[in-house]
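Chain IDs A, B, C, D, E, F, G, H, I, J, K and L follow the sequence of writing; residue 1 opens each chain.
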Amino acid sequence: MKKILVIHGPNLDLLGKREPAIYGKVTLKEINSALTKLARKRKAALKIFQSNHEGEIVDLIGKSKGKIQGLLINPAAYTHTSVAIRDAIAACGIIAIEVHLSNIYSREEFRQKSLISPVAKGVIMGFGMKSYLLGLEALLDLIDAK
Amino acid sequence: MKKILVIHGPNLDLLGKREPAIYGKVTLKEINSALTKLARKRKAALKIFQSNHEGEIVDLIGKSKGKIQGLLINPAAYTHTSVAIRDAIAACGIIAIEVHLSNIYSREEFRQKSLISPVAKGVIMGFGMKSYLLGLEALLDLIDAK
Amino acid sequence: MKKILVIHGPNLDLLGKREPAIYGKVTLKEINSALTKLARKRKAALKIFQSNHEGEIVDLIGKSKGKIQGLLINPAAYTHTSVAIRDAIAACGIIAIEVHLSNIYSREEFRQKSLISPVAKGVIMGFGMKSYLLGLEALLDLIDAK
Amino acid sequence: MKKILVIHGPNLDLLGKREPAIYGKVTLKEINSALTKLARKRKAALKIFQSNHEGEIVDLIGKSKGKIQGLLINPAAYTHTSVAIRDAIAACGIIAIEVHLSNIYSREEFRQKSLISPVAKGVIMGFGMKSYLLGLEALLDLIDAK
Amino acid sequence: MKKILVIHGPNLDLLGKREPAIYGKVTLKEINSALTKLARKRKAALKIFQSNHEGEIVDLIGKSKGKIQGLLINPAAYTHTSVAIRDAIAACGIIAIEVHLSNIYSREEFRQKSLISPVAKGVIMGFGMKSYLLGLEALLDLIDAK
Amino acid sequence: MKKILVIHGPNLDLLGKREPAIYGKVTLKEINSALTKLARKRKAALKIFQSNHEGEIVDLIGKSKGKIQGLLINPAAYTHTSVAIRDAIAACGIIAIEVHLSNIYSREEFRQKSLISPVAKGVIMGFGMKSYLLGLEALLDLIDAK
Amino acid sequence: MKKILVIHGPNLDLLGKREPAIYGKVTLKEINSALTKLARKRKAALKIFQSNHEGEIVDLIGKSKGKIQGLLINPAAYTHTSVAIRDAIAACGIIAIEVHLSNIYSREEFRQKSLISPVAKGVIMGFGMKSYLLGLEALLDLIDAK
Amino acid sequence: MKKILVIHGPNLDLLGKREPAIYGKVTLKEINSALTKLARKRKAALKIFQSNHEGEIVDLIGKSKGKIQGLLINPAAYTHTSVAIRDAIAACGIIAIEVHLSNIYSREEFRQKSLISPVAKGVIMGFGMKSYLLGLEALLDLIDAK
Amino acid sequence: MKKILVIHGPNLDLLGKREPAIYGKVTLKEINSALTKLARKRKAALKIFQSNHEGEIVDLIGKSKGKIQGLLINPAAYTHTSVAIRDAIAACGIIAIEVHLSNIYSREEFRQKSLISPVAKGVIMGFGMKSYLLGLEALLDLIDAK
Amino acid sequence: MKKILVIHGPNLDLLGKREPAIYGKVTLKEINSALTKLARKRKAALKIFQSNHEGEIVDLIGKSKGKIQGLLINPAAYTHTSVAIRDAIAACGIIAIEVHLSNIYSREEFRQKSLISPVAKGVIMGFGMKSYLLGLEALLDLIDAK
Amino acid sequence: MKKILVIHGPNLDLLGKREPAIYGKVTLKEINSALTKLARKRKAALKIFQSNHEGEIVDLIGKSKGKIQGLLINPAAYTHTSVAIRDAIAACGIIAIEVHLSNIYSREEFRQKSLISPVAKGVIMGFGMKSYLLGLEALLDLIDAK
Amino acid sequence: MKKILVIHGPNLDLLGKREPAIYGKVTLKEINSALTKLARKRKAALKIFQSNHEGEIVDLIGKSKGKIQGLLINPAAYTHTSVAIRDAIAACGIIAIEVHLSNIYSREEFRQKSLISPVAKGVIMGFGMKSYLLGLEALLDLIDAK
């Protein structure tokens, strides 16, 4: 059975309550349910975490080295500022998919630079909850294809 | 029946033969077959074009205004240089999804700026042929959700 | 009789239907009628083209060398990206007037640089259809003044 | 009867004597006569000022708030350095047209940025005295069209 | 009774001992006493935290959503690097006041950019402990004025 | 009795009438009354000026050298363009507090650089009229503390 | 017999008539004759095209993949703006030589960046018609040396 | 008899009292005496002005057009911000010498750009009062040499 | 006995397993053993920590203020992004040596800026494990030399 | 008989031994032989120098003023840093051809700026030894054509 | 007797013959004679050198440490590129005056940055040979004033 | 026996006498003695040079190709400006260690970029004479480890 680590970055625990014009009304719980359902269908087991702490996210990735086949990550605010998460993904050496609820390229200038993208296999953004589901599909296909 | 315009930008006719280390071995014909098959399953009709001409792509988008429900586009080299295609998409006012075979953010500096992304609903890149299929799925879901 | 070449750049064929908040409700046909009417009053003959193709615009300018007295051009999206049109105008060696429907300096950053302005005699922008009419007036006055 | 404020920025009092290769041989007096004549024909009253003082220009605009229907301004050197005049125009809330004798985009780099353009309705440049006359025409048309 | 969250960013626990030439001799305890005293006078209850952890500050703001009327924050070093705290404040949707002991604009270049200011209602800096007191006054006035 | 110079920069005479969405409905007269009332309570005498002229503001500061204990200044548009006012404050050698009605860091890019801040003791912005009152309080406290 | 594709970019059809101070008096026909003569001497066959269309140039390069041994190209204005032609050359995988009539590094700033050079084997500029002849010599030598 | 205009820019009236570490203890009166004495020796008449107003300096230069043979100017703070004074000097068409008391290139970054230097014949800085005297010597020599 | 704090930044716990081409095969445990052995020889006691948390590193430095004589730190990814660690070192006021396993100046552009170097006494990089040992030697010599 | 100065810049004495992947296996001696042979055929005399000293190259150029008809130079590393060599060529006033073994535009960013190109008549790069031969051909043709 | 080192930078040996439009017709010999004459009058001894070698200029300055009272230098091309000469002057610790024949601020962009000015006491430029004489006068006055 | 080339860059001959606040009181002779002593202990022979000439340093490195096992270099001012020395080290293909007496990252902006670091194996700075000794230790260890 494929093992996938899912990481939600900072402030995503507020989803549904947070600026719905940008992020939609879906809650993190609903996203996690949808992901779990899809994973079950695809014979994959998910380990899902949300953290506001850059260091905790680095810990999670580092500790899962050798125990997972893929990483699905929405780095949220850390997309633009964290070299540490980027290094953790590179050090981890597994397939990582970066997802975003909103299209970060139609937002503020400083959000249009991702430190994570260069170490991700693929990037999906702008589809709300669907970004996660497409990301998980793609990730599992990539693992199957190996 | 939903009508979708699919546009392949410059040099994508060479796919399979062109720098396979970056773009893979899949040909444009194979991508189009896979897209058509998926469209049929989703009750959608595709109009597919490949063009090396910026103006032709602008023509295609402009002429399809009011006749299609969505646009799936891989702008290729024009991603980084075409304000005209950007304006055509904005003028068109339909849902556009931008896809790329490779992860453009792990390539040369000048490829890391997309003029198209800000007018796209969502962006998917790095999954080879799968970028197109995920993009079409997402596009059809968005149309259904309206 | 003075001969004037009028060129409308990419996406201007969509005028009236395209983002009316920025570009107004006037159609290209109405602009052309108004220009033709003014030209007749001023004893000038107009050759009017709209093209989405950078190369076609370069062709048009190059071929009219020696056959026209002035150029009235709204380069639209190519304003910001086309060295080829700039070179064609310089090579042509006739008087060119650059017009824009909207005030490009109150829009996005990337629209605030014109590659065409340095080779234009004058620039008029922000007056909708009236930009064209003022431009034609000014162009004809310049030709008369020679 | 429409009331229009006309402002000539710094060094324009030297017109005719100042670098004729760039600014032409027409004097400010001649420009003012031509403007006045055109205004009369269009049933408009002009209040015309020339000032080398940024503060004086700000005063003039501020004091005319509610007393004029439009502003025709050649900010000259203050085009590139005055946030105060920009703020005065925005605070004034009337229609402003920016004009220049020369095409500032074919001159030095530092002249290719206008702080005034973003708060102007339209911009006209490169036609010498004619820039003013076209500007006044356009301004009066805009007022009539309201 | 109004409830206010007070957050002291990284290294502020060292206050009084840390570079007194820049930050003064007042300790964090003294600042907290003064704030508490002022709050009591103004019928407000304070919840005060100091943290060196970006994630902890994000946690604190996220958890207080809906439970406080205002936020008084000295983001210290995170002023210049934290998109996560910025997003937390925006997601929180309450009134935030940013304060600094020193005038950050008379210090190093990299300290002259605040990622937090754009989501703060107001900013006060340069008055040492007094920055906090003025900030709390202003915050309470703003809440009262609603 | 402490003597304080209060300077209102360009366009602040239009307050109340000028873009109320940004600057509020309070008039300069009301601000001056509130300041005077507060000054009286704090045993301070105010000399209040509004000027649209950079040079006049430089004159005022230069002439008050040695005759005042503090300067409260809202440099408005000159915040971003005046080295002369900056030099006057530095030459003056008295305590200066910079205030702004709006939070300039949540506005246009070019407003996010203050030439004045590096020579001000402290900066307060975003609180409307209250910015002035907090500034005066802080200024008087600083003078008392000497 | 070696097969060489020769491409002349935009506005080169105007050669001889276009700004002779920069580009000289030689016509494109004369250049083509000289090239053909040299080719004959070197036992090579030339296919020569001039186009003002970026897309057409991309088409030409793409279609000649596998049918030619070398490309001699003067990309003219597209030198500075075309990622599509660059990608076509890279996709083509044959030896390309970039030539320019004038020395582009002694001209305007924006002409001093070539998007094509990084994918060209060699670059020759500044020798007028001779740039082409030297380029063809070098190209044929490179092919012979393989 | 040669006629020379001498202009002292903003804050120079405070000389002797203003930051003596940078500007020295000499007063403006002493500088003017020394200049007058030197002028007398060289058979030249000086018209000396100090102004804090950019507009006034522009007025002075404009009005002296045709009445003076040379300009000796210390633009002080306006060195870095005034296009209007630059334009006035260019419009004036007489020989201008720019002088500074301090070496502006060993000071803050923003002081290391002079808008005036490109229109000055020569520049002298860093010698305190002596900068003026050397400047006047050089100016008179230049006039004599014509 | 000298007390030294040793801090290993994010992802260094993965050493030996992480991208060995860049970071070598040595593990953190081996580095710590070597450091401890050297410390013993030099009569120094080490307190060694590894953390992926910026806040934790700030805590560690802050708490050791007054209890240690020197800091040996490999800030890893936080080298390029942490103002908080920089401020902690400055606030701490003890001698800090920055070390890196790899030569960060021969890597990606964004790794070529260290926020920590300006507050470090010295910097050593590129020698793998040896960077630490040289750093400790130098640190102890500096302490002895005081 | 035409006299030509040939200058090889720094490190070119190591050719053949130096990074053959970039610079090829040909030695400087072989290049010089080939150049001499070609010169003889073209009735030209060569003076050939290699120097690692910027000053020596400046000396050589300066001393040959009036004694040579042309300069063939590979400035190597000084291409990117030497204003002195540029000034020497300009001062010399003879025809200079700049050559490079490798295509400097497909190398590091800092090698993509040539200080020499703007004063060279033409530039040839990317052809290894052949760059020199083509350069000499072109140079002699230019001299003959005068 | 005062001892002064005079250094002429690269290409100044060509003076009189080199681009007279920029540098005038005076030769270096004439400048040296004029300087020597002035020195004699002022009871100073000059040691005059011209060198095209950056290293030689550094040698000269370093060796004269403690043996001269002042340095008069025209660094010519090295003005813009030599940190070594800058460091030599700073290391030397004597008074240095930088002179230029032409006004470097009215020339190319890259000539508008001087690496030497920040370590010079004063700068004089634009007066041809007179720049040197004014510089020597000023230098001797500064030495006398000590 | 290992052979090591030691190069001291410009102005280092003045050590001890040159700005002791930055560079300390140690002389170059003392550094060389200490290096020689350490080398003897490590069974290595040193060839030590100091030069103010960029070209001489390039010569030294080029000539020692194949005759030394390692290079210890303090490029001093040439750190920031010499592509030629960088190329010499790369061409040389031996292990190079870059050392600096001071921490260049806590000095002026322009000193914070090293052209040499990318071709150095390791970098050590900020430890005065000790930087050299640590560098030699590290260099010899690296050679032994091969």
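Operating definition for what follows: a residue touches a chain if its C-beta (ideal position, glycine included) is under 8 Å from a C-beta of that chain, and two chains touch if they have at least 3 such contacts.
Since the model is a prediction, treat every value here as computed from it, not as a measurement.
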By the touch rule set out at the top, what is the minimum number of steps from subunit B to subunit I?
2
Spell out the chains that contact subunit H while also contacting subunit L.
K
Copy-to-copy rotation for subunit C and subunit L - C-alpha atoms, rounded to a multiple of 5°
180
Among the listed pairs H-K, J-K or A-B, choose the one whose interface is a repeat of B-G, with over half of the contact pairs the same by residue number.
J-K
Compute the distance, rounded to whole Å, between the mean C-alpha positions of subunit B and subunit J.
48
Measure off the straight-line distance from the CA centroid of subunit A to the CA centroid of subunit E, and report it in whole Å.
31
List, in ascending order, every residue of subunit K touching at least 2 other chains.
53-56, 81
Full enumeration of touching chain pairs
A-B, A-E, A-I, B-C, B-G, C-D, C-G, D-F, D-H, E-F, E-I, F-H, G-J, H-K, I-L, J-K, J-L, K-L
Subunit D residues within the subunit H interface of the complex
9-11, 13-14, 17-19, 51-56, 76-78, 80-81, 110-111
Which bits of subunit J are touching subunit K when the two form their complex?
53-56, 58-59, 62, 65, 81-84, 86-88, 90-91, 93, 115
Could you pull out which subunit F residues touch subunit E in their complex?
103, 105-106, 114, 117-127, 130-131, 134, 137-138, 141-142
